[in-house]
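Each remark here refers to the structure printed beneath this line.
Order of writing sets the chain letters: A, B, C and D. Residues in each chain are counted from 1.
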Amino acid sequence: MSVPKNAPLRGIVAYPITPFQEDGRVDLTLLRQLVERMVKAGVHGIAPLGSTGVLPYLSDEEREAVTEATVQQVAGRLPTLVGVSSLTTERTIHHARFAERAGSTAIMVLPMSYWKLTEEEIVRHIDRVAAAVSLPIAIYNNPATGGLDLSPEVIARLLEIPNVSMVKESTGDVNRMHRLVQLCGEEVAFYNGSNPLALAAFVAGARGWCTAAPQLAPELNIGLYEAVMRQDLVGARALFHRQLPLLRFMTAHGLPRVIAAGLTLLGIPVGPLRAPLLPLGDAQVEELRRLLDGLGGLKG
Amino acid sequence: MSVPKNAPLRGIVAYPITPFQEDGRVDLTLLRQLVERMVKAGVHGIAPLGSTGVLPYLSDEEREAVTEATVQQVAGRLPTLVGVSSLTTERTIHHARFAERAGSTAIMVLPMSYWKLTEEEIVRHIDRVAAAVSLPIAIYNNPATGGLDLSPEVIARLLEIPNVSMVKESTGDVNRMHRLVQLCGEEVAFYNGSNPLALAAFVAGARGWCTAAPQLAPELNIGLYEAVMRQDLVGARALFHRQLPLLRFMTAHGLPRVIAAGLTLLGIPVGPLRAPLLPLGDAQVEELRRLLDGLGGLKG
Amino acid sequence: MSVPKNAPLRGIVAYPITPFQEDGRVDLTLLRQLVERMVKAGVHGIAPLGSTGVLPYLSDEEREAVTEATVQQVAGRLPTLVGVSSLTTERTIHHARFAERAGSTAIMVLPMSYWKLTEEEIVRHIDRVAAAVSLPIAIYNNPATGGLDLSPEVIARLLEIPNVSMVKESTGDVNRMHRLVQLCGEEVAFYNGSNPLALAAFVAGARGWCTAAPQLAPELNIGLYEAVMRQDLVGARALFHRQLPLLRFMTAHGLPRVIAAGLTLLGIPVGPLRAPLLPLGDAQVEELRRLLDGLGGLKG
Amino acid sequence: MSVPKNAPLRGIVAYPITPFQEDGRVDLTLLRQLVERMVKAGVHGIAPLGSTGVLPYLSDEEREAVTEATVQQVAGRLPTLVGVSSLTTERTIHHARFAERAGSTAIMVLPMSYWKLTEEEIVRHIDRVAAAVSLPIAIYNNPATGGLDLSPEVIARLLEIPNVSMVKESTGDVNRMHRLVQLCGEEVAFYNGSNPLALAAFVAGARGWCTAAPQLAPELNIGLYEAVMRQDLVGARALFHRQLPLLRFMTAHGLPRVIAAGLTLLGIPVGPLRAPLLPLGDAQVEELRRLLDGLGGLKG
């Protein structure tokens, strides 16, 4: 970690959902609108094909179409971070190369589990993917979805691979972030992926917040980042508490379900989720409506 | 559960690995040999495309080829139980229908997680798959690989679907099995998928033991089942303790890794695993050699 | 473990509650009646001052009075196993010596936690207690109450201390028992302390079942043990399923609460629990009444 | 929570160990010196008989002596927070009343578990203790030592008891703190008891940090608090990272063990720990020496 690495993301890294048409096909037109909307709202990066974008539920062809549509829509105005994770190394390399050719700024890799991978298998997997492209790579740690928990020590080892320069931590444990800084130094580029941890993570030194929330409350997300940047702790805490009920709701009920319902409530109808995922139930939609109404003053 | 259901498996249900050639392609010839070997050894069922068969690491085409090769090789001598799980409902239905056309006796579905599924999503998923075929269906609960934990209460609910007639429980907690019997009655057809729990599960009333072990020690596996069937508790316990070190080793190091190494030690060379999986390390291979040598008397 | 050790307990080891008078003092008269009742019912050992006997909620003087009353009431008809656990080594030794002087057959020690103890601290603690008495000692592993989880490997190490000859395992995981046999040999004297695991534990080779249940359903508890002893697996399973709802209820709601309520329902009024413990709520008492009614045929 | 409550602690609340003489008796003289040293160093409160003070390992008489010695030594210069927790309600009330008579500013109660307490039992327990004194009460949540985990919802319920005005949260999960603020409002007086969470907790709005660390590095502890108070986020983060290795070491190896060893390294010899606790091993003492040496510049 002695050489500064190319970590081209900071601030609010926005995760679009992958919308579907009524016939079940990916709705690329709506995807482009959602991306455009967040770029216009002032976010600092766009990350298609994350958990929010239901990456593992898409076919190879769908993934490629989403990558191209997003990169073209962003058109260089912001950095893009494209998810390329697959269970096998071969498919991950395939998608990493596709993202590179499509013009992505960086790629994100979640070491996924069916069989629990050994540390050696994780390192070898990332190493082979990294060798296949020259893009900067973000490692993604999310045991709740990926099924593997990368300790700070393993992450530090992965960061020794030349073009692995970023880490997205989604365990929701701020101690992991402090430990990572201890291991890798203050310059380590880590990003928070646990929405309710946004304030603590920025204070711990996170470069960015990877979040689907800008589809529903971009001003609050961006405002929190800016308050921390100017060391306005009191202001940051107030902004954080304002959006925390929404962030907790998103975490409790699943990002694709909540964002799809929230966009519909905000007047942007979104089609069905991909089965087996089902839409939010009626009572939850009402709770979400109340949460969004409570934030209204900032969005009007 | 009032009507007896068609649960066409019992005893030792053997799970072949999916072997690969040096060039990474599935080795269908060796797969047929492994299946034949276990049929000859006297197992009571064959289950391709389980966790042992690295189902989620295979392409759709590979899965179909494995299904056909296995069903043809067994050729009706034993029941077959083909794994058809996919993350999406659409792909699961596709593979369920393929297995039915290929002549499988029954299919197994693991509700898999990237996003944690709600109970409603799980029920709807299984319901739609069940409606698409007329084969008997086994539900598979394995939170360690699938990422979802189906409570006995949820399993009982799934067993109300007409052609869902079997459950494979792999949590390794015998209390789950007793609870399931409480909820569904003594006639519920449940199978144990946790190797070190084999004795306790049979005593709890399991109809069968779903296991990859018959690739390495079929006599011991079958012997345990037979001892329990004749209520020879002392004999069953002795047979169980004899194979327990091997069963624990398999669980600790992962079935595909251990079975591939073990077959090679037994004189049946197996090619590489599919990346990111790596072969057992040298020290572990030596430990496995000692374990297999210790069982030698029964296999000679 | 090469020399056979003195492990003077087998079968159903019955745990009396510690009853209290309305004024909060220990009701030694009722305690003696409860002990007598279980001896008459045919249990194989009596164990005062267990978790059921709310050991940690009693003063030193109360513990001594309970020890004396129980040993005197049993009067050598059965072996007694007196709980002597305390947080500090000094107090544990005090109570171990008291139990020895009072005529207890054996003592039980639960390494308790406020601060998590290191393996070295656990071994030293037991070693010092064992050196202070010449009675046979049972180690008690119960992370749910004691806060420490002794692995089979640590238990095996403790069993090397000369007069440590027995283990009570209450994790509810039958794999621990099989592992212990692997480590210590078939002769290791282990006892099951998790009520819903009674059948699996006996099949795994447990010498006894440490349980408060004989205060409510002694015939069923004893019958299960006898069925396993005569290798009547089908009969054992039927007896087990018959009592399982009661055993699960006891585990779910806490032994002192359930046994006190159950005795009252059976016509033996028991006074208050020691605060902060509260009696079972009304709805739970009704559920318990139904469970006990359902067992009626065997007890009338 | 509508009326502002009396929460008389803020900043660095320092927890002295309970030192022992070679003969095993409490060393009240050294205790007074340790208290005086921390008062002089500028901490904002003194809390005897916490986990650090090995409260549960002391006899009633020892607890009373420690309470008196500490309150007398502080002599009103700072607020005192005396731990009064016991397993039974009766003993907790006894010590609460003793602390009140001895002149303590406030008391702390940890609902402790042997049997897991129901929510009703916890509330009743705290309610009865609170009714027995007129001092302000801090609830202490520490599942790792106390064995019970109080959810933010239960804590909010306890805070409705009139003289329960403070909460010490030791789960190490900053999300609990944010949730508590959501439930109780910004004015809720919560304190952090997890050393590695010190920065995140202050940023979340914690009034104070309950810690044994001022026995080893008071300037760093106080400096962190002051930096957060003046919204110097960059300075706070630097101070935090400087002390984090020590804080993590304390958490990993247990406060009484580490503080006793650390004081001895700093030239203040401390006698034995109370068995079963053992002193830090030699290798750990060396690691602690290096950690303390690394902090030297600030303490010389």
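Note that contacts are C-beta pairs under 8 Å (C-beta built on N, C-alpha and C of every residue); 3 or more make two chains touch, one makes a residue touch a chain.
Note that this is a predicted model, so its numbers are computed, not measured.
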Show which chains lie in contact with chain A and also with chain B. none
Given that chain C and chain D are copies of one sequence and touch, is their interface built from the same residue numbers on both sides (over half shared) or different ones? same
Rounded to the nearest whole Å, what is the centre-to-centre distance of chain B and chain D, using the mean of the C-alpha atoms as each centre? 52
Chain B and chain C: spacing of chain centres that average the CA atoms, whole Å: 38
Touching two or more other chains - residues of chain B: none
Along chain D, where are the residues that touch chain A in the complex? 172-175, 178-179, 181-182, 186, 196-197, 199-200, 203-205, 228, 231-234, 237, 240-241, 244-245, 248
Spell out the residues on chain A that touch chain B in their complex, using ranges where they run on. 24, 51, 54-57, 87-90, 111, 113-118, 120-122, 124-125, 128, 144-145, 147, 254-256, 274-278
